[in-house]
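Chain lettering (A, B, C and D) follows the sequence in which the chains are written, and residue indices restart at 1 in each chain.
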Amino acid sequence: MHSISVRDLTLNFGSHAVLKTMNLDVAEGEFIVLLGPSGCGKSTLLNCIAGLLDISDGEIWIKGQNVTWAEPSERGIGMVFQSYALYPQMTVRGNLSFGLKNARMPKAEIESRVARAAKILQIEPLLDRKPGALSGGQRQRVAIGRALVRDVDVFLFDEPLSNLDAKLRAELRVEIKRLHSRLNNTMVYVTHDQIEALTLADRIAVMKGGVIQQLDAPQVIYNRPANLFVAGFIGSPAMNFLPGAVVDGGRSFRLGEHSIALEGYDGRAVDLPRAILGLRPEHIAIATDPRPGTSLPAVVELDEPMGADSLVWLKAAGQQMSVRVPVERRLEPGTPVYLHLDLPKASLFDAATEQRI
Amino acid sequence: MNSVKLALGLLASVALPSVACATDLEVTHWWTSGGEAAAVAELAKAFDATGNKWVDGAIAGSGDTARPIMVSRITGGDPMAATQFNHGRQAQELVEAGLMRDFTELAAKEGWADIVNPPSLLANCTLDGKIYCVPVNIHSWQWLWLSNKAFADAGVPVPTNWDEFVAAAPALEAKGITPLAMGQQAWQNAGAFNVLMVAVGGRDLFMKVYGDKDEAVAGGAELGPVFKAIDDARKMAANSKVQDWNQATNMVITGQAGGQIMGDWAQGEFQIAGQVAGTDYTCLPGLGMNEIISTGGDAFYFPVLSDPEASAAQEVLASTMMAQATQVAFNLKKGSLPVRGDIDLSTANDCMQKGLEILAAGNVIQGSDELISPDTTTQINDLMSEFFNDPAITVEDAQARFADIIATAE
Amino acid sequence: MADLTKGPRGAKPRKILSRRNIMLYGILFVISVYYLLPLYVMVVTSLKGMPEIRLGNIFSPPVEITFQPWVKAWAQACTGLNCDGLSRGFWNSVQITVPSVILSIAVAAVNGYALSLWKFRGAETFFAILIVGAFIPYQVMIYPIVIILREIGIYGTLWGLVLVHTIFGMPILTLLFRNYFSSVPEELFKAARVDGAGFWGIFLRIMVPMSLPIFVVALILQVTGIWNDFLFGVIYTRPDTYPMTVQLNNIVNSVQGVKEYNVNMAATLLTGLVPLIIYFISGKLFVRGIAAGAVKG
Amino acid sequence: MSTSPRPYRLLRNLNAKIASVPMILTALVIFVGGTAWTVFYSFTDSKLLPRLRFVGLDQYERLWSTGRWLTSIENLLIYGVLTLIFSLVIGFLLAVLLDQKIRFEDTFRTIFLYPFALSFIVTGLVWQWILNPEFGVQNVVRSLGFTEFVFDPLYDPDIVIYGVLIAGLWQGTGLIMCLMLAGLRGIDEDIWKAARIDGIPTWKTYIFIIIPMMRPVFVTTLVIIMSGIVKVYDLVVAQTGGGPGNASEVPAKYVYDFMFAAQNLGQGFAASTMMLLSVVIIVVPWAYLEFGGKRRG
């Protein structure tokens, strides 16, 4: 049984389709991250799952129940929002217990649940304060606590860390991960931050234009992006794209006057007049000598030390490329070098369909 | 029957002292100036004496403020027990709609047809042979009130007619006295015009214009002198900057103005101010020209009520209003003439006596309210109001517009 | 939502006696005179006797202060047969104002809440009609409303009048509440739904407690409007429940000889006292609430 | 938790819909229904009571050939345009003045706003009194030695409408100032900092940056000002009674007078219909753009 199952979900605003026949199954205890640029429909999908938006077509199942038309509170979910959405006139305790009171839970039970959540999140000293007197991080803990006390199997996070500064964000990210491993409940987490996605998720659903582009484990998403969009969206700096053609019955990639042997590439190899070769910066090595068939001559333009490693920007075959190198390796602008390509880790896309081949 | 009811009422009120067993009747009217209020008090007193209670629903302003309220209440299904209307055409539609009580029976029993004089008053209350209202007084518009003090101050004799008054105007102005007091409300301007039409033009002309609605006469040379007179009035009233009619009357009382064209209700104000006709002020019916008075007046209408007790009390009130004693008391205070021809008003002052004489001689005409619809009245009011306030409007323009109004009048 | 506690935003203050400040305060002072003059005239006139008023200068302070006009306006002035001044209407006005204010605000608040957070198909259309309704002169509606009230059977009752005030207060108040609730973060509303609060639960437990400023605005607008209303008060009630403004009109328009300007002014001030007091007490909240209800569109 | 079937569209948000019933009824029955009723009967020759005797466009022909109606339209245009301009300009300038970090801001604000608590009836009476040539400003100036000084707007048909305007602005600008002040305070302080760094003069910052940012405030303000203009009635009645002559007549008064005083409902309805028509032409497209069909979230 899936924890959450979205079946053929469609959502239209007027004539504009925001979500298009979407399908998504989330296993029990799984941490799914919905990732995408703004306007891709990821928050909309989350709101549909929560029951905060009426869908146009399709079904939503949670824990084996068809909840397509159930009220949000009847779906057995807890939700955490970007702006925390704490009730300003209630104390922290009031915020935590509001939902339980609405469910007409006995007082003692409410108290014990609030106490437990407060303990887990270490917000016990704050219980009698109003949200206005809390810091951003504290507020978000309370917001998480509000989902926690509901003792539900599904947690929905709508960009919960976006309003926090970088340091707090990293802290809370870890905390959410710890929480997940402790509670082991299903979590659906919306973000536009790929670091959050890559660190937290069991699986990532990369979305664009109301469609899930790829749904896979973070490493798969990273290493074997399903299409050009996913390849470009994930990874910083972005994947290097080299436009060219697949020739020789799929055995080599022609890039201007250069030809690269597609040795060890694990895709189906067919000839394509217009194709794109994608290589992540760390899958390229810089050398002084050429390596026949799998290297390209290049000229260094700029190097960008980033602490742990360094990015080198070069020009090769008329394309700008970036390469990740150890920080000790400094290269003067104008130096001619050869790029050795790690083709087994490369991605090849059909320029027309933008799909991986 | 009424006395039985009264007795029962009294008995009941003795038996159950804490409960108001007398029927409360709400009576709405717009009589709120000093003289008017004193007159209403007489009606209320007489009615209260029957063991019932007069609940006063005065709405100040003028009929124009009060009438919408009354009409709304009646059509809204929450009518008062009795309400003032100028009889004539104002209430006709309410009667036609069956919202007003029919008093034919009571009138027959008390013989109103024999006692009401002139009979046109009762005729105005009658629709399809049934009587729907109780006339309470006769008001005539055709009076010129002059301040003896003002003329003494100016050193000219008190005029005896309109022409002398116009001639005396420069002398008054020389002393800083406003010759003619005139409130700035439209009905006062139009009222003066209608008065001048009768006084200067005569009864026949008036009837041709308002009775026959003869457009040719309205626009013709016959009406020329009337428009000249109203032009004189406009010049004489140029410095009169008051709104209400009784403020204008007050100017005459205090000698700030020479005179005022106003209906006989102005008399109540002189009376309240303790002035004596003949010595302090002079009244000229028909402006001293044609001694004819109109016999418009006020009447009370009684909306149909569902409560039988209140309906019975309505009859008591109607009967009370028509009673001799009430008529005398009320009209003396109001400065109007009683609707009954069979009562002695020897206590009335000079001016009222003059009015009574004219009435007895039958020199009466119908009031304009009875001849033309409120709609037409409003149009004439508008015209006269503009005329008085804008010296740029020529006599010819005004007459041409007047003829247009008469042409479409109903 | 905007918060007035953030303080003024204009240019920085400089020396206290700079030319700029002298001009600034000079202008403010002159304008204040224009705004205060009528109040001054009203107060001064109401404390004078009639002979002094006749002497002419309305701006001169009273030589002999008399409270007689106030007494007369409150308890003695006549309309028709009733000579008990404004006192008669005071409680009537209270009785009309209190339920009218409560009901009209309650309805408008719920409207604004439903319109901003529970949008349903067609809701905006009804709202647009309502806004256009704000432009319809009341006079035009007198007749249809008489008929409607008659058909419902509450013509002439207090509830009829309360209903009329609720109806005519609705457009502007709904606009204010809608704007206010639109500025409430939508996530708060979503969180409450996840927490299992329903339409009324969210309204009463979440929205109302955080809406004090806008309720103050609505309160002031309605108390002022309803207390000052003459037209509906006189048409849709009966004499024994006439509001104070009807008596004010009667006093001002029943002229006994000369106009008693001092009594008129005293009556005017007495009638205006309730809204003025309410306004002075909660004026600051009023501005803050206006900020919340009008700034966001 | 149970498998819930898809509910009927009408039953979604049922509570919100139930709660909106008063609004929907008001919009449909009162505003649309009442308006339709009025338009319908404007084609009849109804006198005191509505009756179904159709006369086609006669009432309209008469309306547009009546000098008083034309005067009232002219007055409404003058009064409306000037009120709109002056309310916005004065309201905004006052708000800017108060936004200069001045002392006694509360006091000044109270002074400018208190007239709003008073009714138009009161406003009209006071200004009638102040503008009365025998007692008021003219008399005072004359007594200072300027014996030829003439200032009697209420008695001069050519300028009487400006006399009404003075009173109307006195009553209403305070509220506009409040709205504007709220709008100014709602602007992010960073905008001011940015403008200062860019060296933009203060007045330019207001006109080109601040005012455009205050659009929602202006929308609310416009609704309030314009709905007040169309409905202006009490003020004229109390201050001038429409006089001298018909010089200060306004459409709402024309409607009222013809419906009730002249007992010509048909004519009154025709005049109402013309008023409604102008409202519809001006307001509906705008209201639709501003409030209708717009989606959030």
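One rule holds in what follows: contacts are C-beta pairs under 8 Å (C-beta built on N, C-alpha and C of every residue); 3 or more make two chains touch, one makes a residue touch a chain.
Just so you know, these numbers come straight off a predicted model, no measurement behind them.
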item: Centroid comparison with chain A (C-alpha atoms), farthest chain; value: B
item: Chain pair with the higher count of C-beta pairs in contact (C-D, B-D); value: C-D
item: Distance from chain D to chain B - Cα centre to Cα centre, in angstrom; value: 38
item: Mean-CA-position distance for chain C and chain A (Å); value: 54
item: Gap in Å, rounded to a whole number, between the CA centres of chain D and chain C; value: 15
item: Shared-contact residues (touching 2 or more other chains) in chain B; value: 68, 75
item: Sites on chain D at which at least two other chains make contact; value: 12, 134, 256, 259, 295
item: Residues of chain A engaged with two or more neighbouring chains; value: 74
item: Touch list for chain D against partner chain C, complex; value: 9, 12-13, 15-17, 19-20, 22-24, 26-35, 37-38, 50, 94, 96-102, 105-106, 108-123, 125-127, 129-130, 134-136, 139-140, 143, 170, 174, 178-179, 181-187, 189, 192, 202, 214-217, 219-221, 223-224, 226-227, 230-231, 233-234, 251-252, 255-256, 259, 265, 272, 275-276, 279-280, 283-284, 287-288, 290-297
item: List of chain B residues in touch with chain D within their complex; value: 63-64, 67-68, 71, 75, 90-94, 97, 184-186, 241, 243, 373-375, 377-379, 382, 385-390, 408
item: Contact set on chain C toward chain D in their complex; value: 1-4, 6-13, 24-25, 27-28, 31-32, 34-39, 41-42, 45, 53, 56-59, 107, 110-111, 113-115, 118-121, 123-145, 147-148, 166-167, 170-172, 174-176, 179, 182, 186, 198-200, 220, 224, 227-231, 245, 248-249, 252, 261, 264-265, 268, 271-272, 275-276, 278-280, 283-284, 286-288, 290-297
item: Residues of chain C defined as touching chain A within the complex; value: 185, 187-188, 190-198, 201, 205-206, 209-210
item: Chain C residues within the chain B interface of the complex; value: 78-82, 142-143, 146-147, 149-150, 153, 155-156, 234-236, 238-240, 246, 249-259
